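Just so it is clear, A, B, C and D label the chains in written order, and each chain counts residues from 1 on its own.
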Amino acid sequence: MSILDLKQAVLEANLDTVRDGLVMATFGNASGIDRASGQVVIKPSGVSYDTMTSEDMVAVRLDGTRVDHHLRPSSDLDTHLVLYRAFEGIGSVIHTHSTYATIYAQALVPIPCLGTTHADYFCGEIPVTRYLRADELGEHYVAATGEAIVEALKGRDPMAIPAILVAGHGPFVWGATPKSAALNALILEECARMAWFTRQLNPDITAIPDALRDRHFFRKHGNSATYGQEKVV
Amino acid sequence: MSILDLKQAVLEANLDTVRDGLVMATFGNASGIDRASGQVVIKPSGVSYDTMTSEDMVAVRLDGTRVDHHLRPSSDLDTHLVLYRAFEGIGSVIHTHSTYATIYAQALVPIPCLGTTHADYFCGEIPVTRYLRADELGEHYVAATGEAIVEALKGRDPMAIPAILVAGHGPFVWGATPKSAALNALILEECARMAWFTRQLNPDITAIPDALRDRHFFRKHGNSATYGQEKVV
Amino acid sequence: MSILDLKQAVLEANLDTVRDGLVMATFGNASGIDRASGQVVIKPSGVSYDTMTSEDMVAVRLDGTRVDHHLRPSSDLDTHLVLYRAFEGIGSVIHTHSTYATIYAQALVPIPCLGTTHADYFCGEIPVTRYLRADELGEHYVAATGEAIVEALKGRDPMAIPAILVAGHGPFVWGATPKSAALNALILEECARMAWFTRQLNPDITAIPDALRDRHFFRKHGNSATYGQEKVV
Amino acid sequence: MSILDLKQAVLEANLDTVRDGLVMATFGNASGIDRASGQVVIKPSGVSYDTMTSEDMVAVRLDGTRVDHHLRPSSDLDTHLVLYRAFEGIGSVIHTHSTYATIYAQALVPIPCLGTTHADYFCGEIPVTRYLRADELGEHYVAATGEAIVEALKGRDPMAIPAILVAGHGPFVWGATPKSAALNALILEECARMAWFTRQLNPDITAIPDALRDRHFFRKHGNSATYGQEKVV
């Protein structure tokens, strides 16, 4: 994918999150990466969704230096960069404050895998990071958010659990492409909503059986070479 | 109804579920059957709702062999076929992941008949299947889902209870025609939603009196020759 | 108001309830009365909202005999007629299955007056009828519903409490005109919704002080000659 | 900003609240103030949102005397005036009955600061006023509402907590401009909604750490000369 195509895809992912009701006001941003050139493309800061074009998308290098552009990148850029450096398989990162995912982040409760809708996209519960410490709230705050995400995902495959809840803040979601990351953000929100109501209806309910979860996840994600090939498909 | 008309009716039922907010992303499919020829018409797999036409609908025989078509049928086809073979009175099957019906399916809680909205379309509670066993999750999984539905409905009239919740998954709904099945799917979702909030408001509430339930159900369904003629209408 | 104008007003009230999301599928009907001629105008049965015109509205006399028309009146007509005969001050009746009002009706819980939004339109809690008895479910069922409403409102001013919840069924709402009855139906739904969440948030909350309730209700309804003139305005 | 520009901005803020779903029926009003001339511009009473123009906005002086106009100002004018006189930094006041903020007002429960969405706009919990006393419900009622708001905010910076819940009634929100007040009203509603669901999910959850709250609030509001410059930015 050329950088121009990537900018178009990142624009569309940003607009998808707004159209899907995942982003209120300016609480959201999507980015994508071209692994060949190491360039990350992200939504600019403070441009209206109504008039935003693909040319407004800002390209930076993985170390955060600017490739082009008169516009400033999203203020959450550093979180995205940390995730791209830590998770080599991902091609896009999206941040929203979507209602129910944010509710779980605020409650410090992981989203359990209570059904096949969840298992079709996330192979297990969605974890919550710890709160950032006071010493992480200075200039390094945005990058520290990324580091807390990586810490919380330790020991899990980021392509099998392509989302996280930042404590007291909201979800970050990723995927192979901007399009799939935007879909993951939408599914995450619906799964969070359904999990909330499911647990209130039956507080004793636990995650679906592992075999059922894997049956669904690997049906949709079985082509990935990095995990799961030895499991039941 | 000709196969062409059936394809049009199945297309419209698919679009109805999207318009009514019952289907997020691609989590849904509707089919219909022509009992005279034994042909089942179902949504193709992986075609966008925005551009889908009646010609895209795929016709297969009751044993699953293809009648026509370059497109693959919905991956849930085998569940539909099991239901058509088991329930002779039904003319259409619809699967959605509609939010509140799925919440009940995830909680493993039947939807109780708490009001006349429910009783106008469903003559009693909507049951939940058991979880599928590990040995049912292989190639036979989709058909096994249908078999679990038939098992859970044993002893009930499928036209009096035209819906089921598949444990940890979501609802399957049916009806005499694609149009009525789509309406049943919509009513089911609203009844599930109202039941959830009713029980939280008054945890002691039980189903409405049987006589009131029957008064409503048989007012709308009294012409059916297969049940209920001896009851109060 | 001429019968033609009344038919137009009744049409608009029916369309208002659909536009406001109070009526799913065909679960609703609005009527109005011309007290001078004793004619009641009501939605026809089984005509689509999309194509319905004011000429489709059906006029009947207070005893239920038809004044005109090839179309059948709404199947809930007899409930409306009982209310017009019992409550002389009302000019319009509306029935919906709006979600939260129906939830209270299903839970057999009155809607308490928890705020000024409620008090601006309803001067106290909205009562629930008893369930209809088995002997009331025959041919007389629809009229018996009206009689249960009148019974439940005994001792209250129907213009001060212009709504009721029919047990296990849903709300009936009324007002001086079709326009005001439609507004009452909308406000009732929002008050039911807010009451549900208010009580879950604070189970100990009770109704707002009577003086605050009256301050709001009689600000909007103080011109009525039939009640409240001696109270604080 | 000229009075003509202010009228346009106030019109837009009124329309924003309707578009954002914060105002049902006529339950809302927005105003703005030109501090140089001491003129307050507010929505007229009883004009439809569909046809309302900037010329319909009514200008009054801070003492409530009319500057211009054939239309009557909103019946809530006196509450707005009390707030403009008490809080010198504010440029706009908005009143809505938005669903979840009103639920908290009805439950007499402050909205806790459970996440960064809240902290980006409100530097702490949103308080609730006391109920108005019976002796405050006469002609002075609307002004007394403003006085109860000022009383409830005592000891807090109105620019750091630009919203309040009037007990049993609903929210009043303010800001530097009509545009920012309308945004505050929208964010308040979403924060109230998320707080409700967060607390039900985890009843033990408490406010986010103060340092995290301040990090977010002062990032967006750090240019204000009136508070916070000495805190961590």
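One rule holds for everything that comes next: contacts are C-beta pairs under 8 Å (C-beta built on N, C-alpha and C of every residue); 3 or more make two chains touch, one makes a residue touch a chain.
Computed from a predicted model, the values in this text were never measured in an experiment.
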Between chain C and its twin chain D, rotation from the CA superposition, multiple of 5 degrees: 90
Shared interface numbering between chain C and chain B [over half = same, under half = different]: different
Centroid spacing, where centroids are CA-atom means, of chain B and chain C in whole angstrom: 33
Euclidean distance of C-alpha centroids - chain B vs chain D, Å: 47
Multi-chain contact residues (two or more partners), chain C: 199-200
Listing of all chain pairs that touch each other, if any do: A-B, A-D, B-C, C-D
Sites on chain C touched by chain B in the complex: 24-25, 27, 97, 99-100, 102-109, 131-132, 134, 137-138, 141, 168-170, 196, 199-200
Parts of chain A lying in touch with chain B, wherever the complex brings them together: 114-117, 183, 186-187, 190, 193-195, 197-202, 205, 208-209, 211-212, 215, 232
